[in-house]
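Multiple structures follow.
Two complexes are shown next, each including subunit A; its partner changes from subunit B in the first to subunit C in the second.
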Partner chain A sequence: MKILVCIKQVPDMESKFRINGAGTWYDESDLAWRINEYDEYAVEQGVRLKEQVGEAEMVVLSIGPDRVKEVIKKALAMGGDRGVHVKDDAAFAKDSFEIASIVAEYAQKESFDVIFTGMQSQDRASAQVGVFLAEMLGLPSVTTIVDFSYADGTVTASRELEGGLKAVVKVATPALFTCQLGLNTPRYPTLPNIMKAKKKELLTVEVAELLKVDERLETSRVYFPERKGGGLVLEGDVGEVADRLIAILKEKTTVL
Partner chain B sequence: MKTLLVGEYRKGQLRDSCYELLAFAEKLGAESTLFLVGSPTDLPRTGGKLYLADVAKYGEFNPEAHKQLLLDVVAREKPDAVVFSHSSYGWDLAPRVALALKAAQISEVVDVVDGSFVVPSCNSKLRREVKANTAVSVITVQVGAFNPGQPAGTPTVVALDTEAVGALEFVGYETAEKGGVDLTKAEIIVSAGRGIGKKDNVELIARLAEALGGEYAASRPVVDAEWVEHNRQVGSTGQSVSPKLYLACGISGAVQHLAGMKRSEYVVAINTDRDAPIGEVADVLVIADLLQFVPVLTEKIKAL
Partner chain C sequence: MEFAREIYWNIGHDAPVLLPMYLLSLAAMAIAGWGFWLRIRVYRQGKPAVRTADPAGRLALLLKDALGQVKVLRVPGAGTAHALFFWGFALLFIGTLLIMAQADFTDPLFGLRFLKGNFYKAFSLVLDLAGAVSIVMLLGLLVRRFIVRPAGLETKRDDVVMHALLLLILATGFVIEGARMAVTELGTPLASWSPVGLVFAQTFAGLGEEGLKTLHVGTWWLHFALVLGFIGLIPFTKFRHIFTTPANYFLVDDGPKGRLSTLDLEDDTAESFGAAHVSDLSWKDIFDADACTQCKRCQDRCPAHNTDKPLSPMKIVNQIGELAFGSPGNSLIDTCQKEALWACTTCLACQDICPASIEHVSKIVDMRRHLVLMEGEFPGEEVTGAVDALEVNGNPLGMGYASRGDWAAGLPVVILAEDAEVDILYFVGCYASFDKRNQAVARSFVQLCAAAGVKVGILGKEEKCCGEPVRKLGNEYLYQSLAAGNIEQMQNYGVKKIVTTCPHCFNTLSRDYRDLGFAVEVEHYTVFLEGLVESGRLKLQTEPFSATYHDSCTLGRYNDIYGSPRALLEAAGCQLVEMDRHRAESFCCGAGGGRILAEEKLGSRISVKRVQMAAETAAPMLVSNCPFCLTMFEDGVKGAELDGRLIAKDLAELLAARIQP
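Let's turn to the complex of A and B:
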């Protein structure tokens, strides 16, 4: 079995964001980068599937500047076999259609039985790339999965719907799955596995070799939303703030 | 401008989201036609044309068949935009339709400004204005972003049929375990977010809730980490609550969480990040480390 896991590196969402010079995205300097949270579940599910079937290879792919090698290495330390880094310093400016096309161009050279992606990225949050990729490759896809089991070429997955409801779906492989938070408990890479991961193959491909389409979506402007809240901000000594908060709750609510 | 609005049907019922789509089309000043895989016994209350495929034949979840039905209608109506809710149904089906139509997809629209669509990024900390370079666009609209008017009218139904067969087999629905905790009736809720740091700290939140005579709850990451059971989760995939006081401790305020608590009467947020989106809906934002602040507040409330 061949498994592909597509991952993205994103800034920590608690970062103090600044807008870039062109006003079309956040400034990428001085940010702490990590693996997109949804993709961490995708990596874990790929490793679990690989461990289950035994005879399997798991490829981890990421697009971006050199820094994204860090998240590929993390995924390799979690159990991936080899990495593919599509080098693109302008990945941030590409739309979901271009990103999916790049991955599809690579993926059709190897034929994967199971592909995992996150259901969305934490920064763009478009929830498009996984399904686009499946449609481009002519594969069925199941999105937003919170449960996954595999037996004899068939996957049974649960999709998370609204209000605590799930939809159980069966599909034969090859197929693609987009992973929702909570799908599993991602493992921490151990030190020996981190050391081993350094020796694993990490192939770099220039994006120009894989990008053959034009963008369909244009960003004209990025900005901070206006603070509508007339919300009161309290800070300072915790004891004093607690007293002020209690006084406010007595005045404004009926709960105290 | 012409829009084709895609309604949703779940567990034998029309979902209200279609009225939000109508409100969105109205904001655009666009003509609208509806599409629904549903039942003739539960139709949207609105005038205009409704393309209806029978859910008994195609199922509530069968993306390939739904895609084909929708593409047939697009060929007949030639809309400028096909519009979905940004829901588990919409974000699943929209990209399939977008790719087939060679259309740009614009996800989770919260506003329309001078013909550009506004979408959130980075956990709602940023806004992006985007434009499609394609003749047709596919749009998903954030749930709750466009307030529906009073629904009224009866649609003119056009029945649909297709031969499409899907590769996915829908087995059935599962409902998450519901325990004895009904947060929807709680008057005071103290809710824990990722900012509590570890499972042991749930105790701090529970103690404050107890001191206030309320219930404790949690946001999704805390439930995913199994620090708190799912039947105490507030948000679009948990419970929707409307207490007199909602105290959000270490919750950043992802849109899915806000969807579950925005009907609270009074909201207090405790957070170290003053830019966290929870600040947008909070009446009071306390900038503090909750591990220090919550125990102090609990003791002072107990002493009242």
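Let's turn to the complex of A and C:
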């Protein structure tokens, strides 16, 4: 069995975000990077499937500048067999269709039985790459899975629906799955596996070799939500609070 | 008259006595030697460890701690009784050797008899009293162990055999002495030089000479047989501690207290890290189990054990011994149990009090290393999250790394990236950088430095966690990668002196980083500020107030810094009310050993127990010197419902409020 797991490196959401000079994305300085949360579930599920079937190879693919090798190495330390780095310093500017087509271009050279992606990325959150990729490869796709089991070429997966409902879906491989929170608890890589990962194959491919489509979406502007006046909680002695309230009403409103 | 006695009186001093006596003694010693040889083979299952550098110094330590009973005496009561018993028994042993020396060496070879005259009088008196002290102390210990047994004192067959044998040896000794004196010394001036023997002699006086002689010779051989049994049993019972415990004084780790080994993570040949089986530990770790006397002092002081968590340091040490001697193939971690291993706060109370110099903490961390590095396991999901945050942002709180220096905005602090010409680098640490409560401590420290004219620099966003919590949790890999980052930054800026407000940062930078090639001077702020006060650079207003002071484990037991914080408190006018458990006996806040990152799910809360101890002093303020302690005490005060009665403060905050304008 051949398994492909597509992962993305995203900024830690606790980072200090600033808009970049062009006003079309966030500025990359002072950001801490990590593997996209949903992609980590994808990696874990890939490794579990590999461990279950025994005879399997798991490929981990990521698109972006050199720094994305870090997340590929982490996925290899978790149990991936080899990595593919599609080098693209302008990956942030590409739309979901372009990203999916880059992956599809690579994936069609190898016939993967099972493909895992995250449900969405934490930064762009379009949730489209997985389904686009399945469509481009002519595979069935099952989105937002929270449970996964495999037996004899058939996957039984639970999908998360609105309102707490779940749907159980059966699908024959090859197929693609996008992974949602709750699917599994990603493992912490062991030290020997971290060491081994350093020696695993990590192939770098220039994005130009794989990008065959034009962009369909253009980001015209990225901006922070406007600050609308926040609430104010007055605390302390009741008399004092009342005085302060009157002062605020006098100062900032025409009520009094 | 000549003050002396006939050695071997009534026994005979010829071949029918000497041959069996010496041959059987040699046989008993051979059995003991064989017993130890068998045990040494078991110790050798462990990995190599070198504990022989500076043998003269080690020997001096052995003699001081063993003959002086220094560590034993740290706990009065049972410790005092043991020490007195030991000295009494040792004198009796020396007395026996002197008799052997005269009767079978100096007299037959050189015609020299030294057991006479005033020396014999002193010899007689000392041994008589030594016997009396030994027997009384032994009876006291016997009552403690078998009648009014303190909680946690486990009593086994070994203890019964040992107490009985020693008591019989001492009692038969007095019977022999009494019988001999009844025949040869009663009514002579010499008798008063054996006051206890005299009582026995007077008691036996009515038996008549023949009866006394029969009693004497019979008891003599019985006494001899008991002593043979004692010698032979040494390696096979807890008697072995007579040799193993002093040996452990010799084998002590000569590095910093509580040192952990720095793993070579680049070693490609290493297939496993940490300890999963006894063979993954060092031979010294197995030997420690043999040096343990199960006195339970460690357990009595263990903060986890005292709050109903499944950890006893004594049990861990003995479980290692049981596995090594019984079933070395079994899983060490399953035997010791994960819950117990994760409960340790690495507070070092066990190791500090241990009268056998056993190293408990490194064993626990070795097993944690296996859990983390080989199994990817942590004590809980919250810890996995904190570890992930450390990997991404260099702090366990999950805050964006770039905001690490934000607390210092507007304060007289420079960022080294902008200006590296500073008097000190303040290594802020994660909690003082990001935790609101502890940011107040960082600001206070900076104010104090400014008042003393000290130019302070920080690394700001280039600083990362020192790595201590994860190191104690067993994640040596993450520790070393965090350490490497910090070391590189500090070396780049040519830092000359570092001051920390966190004792964990202090211990890690000043000691653990040494193993990684970092050798810059590091001080904890209490020591640094004490120097500024002493030199007159920092002037404090003295206004009387009352407080109790908590010795953090890392500053206290790990680094023996007890005086500086107290001197600063005094300089600020503090009427210090000590808790029962202070200085080396201090009780952990519960946050050490990486527990600051973990939820306390088992037993009661350690922090609550500690603030209750503080409340017992009736002082309105609990002063500490560590961000983890402060965090725990803020929680503990709420948990113990002591709001309004006790406030938790860091020493720096207190001092900053008393800067002389």
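Operating definition for what follows: the second predicted complex is superposed on the first by the 231 of 256 C-alpha atoms of A that agree within 3 Å, B and C clash if a C-alpha of one lies under 4 Å from a C-alpha of the other, contacts with A are read in each partner's own complex, and residues count from 1 in each chain.
The definition used in the following text is that a contact is a pair of C-beta atoms (placed from the backbone, for glycine too) under 8 Å apart; a residue touches a chain by one contact, two chains touch by 3 or more.
Everything numeric here is computed off the predicted structure, so don't read it as measured data.
Enquirer: Between subunit B and subunit C, which one contacts more residues of subunit A in the superposed model?
Expert: The larger set of subunit A residues in touch belongs to B.
Enquirer: Would you check which partner chain A:152 touches, where first means subunit B only, second means subunit C only, and both and neither mean what they say?
Expert: Neither: A:152 stays clear of subunit B and subunit C.
Enquirer: Tell me the contact category for A:16 with respect to subunit B and subunit C: first, second, both or neither.
Expert: both
Enquirer: Please work out whether A:34 is in contact with subunit B alone, subunit C alone, both, or neither, and reply first, second, both or neither.
Expert: second
Enquirer: A:249 in the overlay: touching subunit B, subunit C, both, or neither? Say first, second, both or neither.
Expert: So A:249 only meets subunit B here.
Enquirer: Touch test for A:128: subunit B only (first), subunit C only (second), both, or neither?
Expert: It touches subunit B, and subunit C stays clear.
Enquirer: After overlaying the two complexes on chain A, where does the subunit B footprint on subunit A coincide with the subunit C footprint?
Expert: Dual-contact residues (subunit A): 14, 16, 185.
Enquirer: Given the complex with subunit A, which residues does subunit C contribute to the contact?
Expert: 265, 268, 271-273, 372-378, 381, 384, 387-388, 392-394, 398-403, 461, 477
Enquirer: Report the residues of subunit A in contact with subunit B in the complex, numbered from low to high.
Expert: Touching subunit B: residues 11, 13-14, 16-17, 19, 26, 95-97, 119-120, 122-128, 131-132, 135-136, 140, 142-144, 156, 158-172, 175, 181-182, 185, 214-225, 227-229, 231-235, 238-239, 241-243, 245-246, 248-249, 252-256 of subunit A.
Enquirer: With touch defined as at the start, can you tell me which subunit A residues reach subunit C in the complex?
Expert: Of all residues in subunit A, those touching subunit C are 12, 14-16, 30-34, 185, 187-192, 194-195.
Enquirer: Along subunit B, where are the residues that touch subunit A in the complex?
Expert: Interface residues on subunit B, with respect to subunit A: 10-11, 61, 64, 86-89, 91-92, 94-96, 98-100, 102-108, 116, 119-134, 166-176, 178, 187-188, 212, 214, 220-221, 223-224, 226, 230, 236-240, 244-245, 252, 265-266, 268, 273-276, 279-288, 292-293, 296-297, 300-301, 304.
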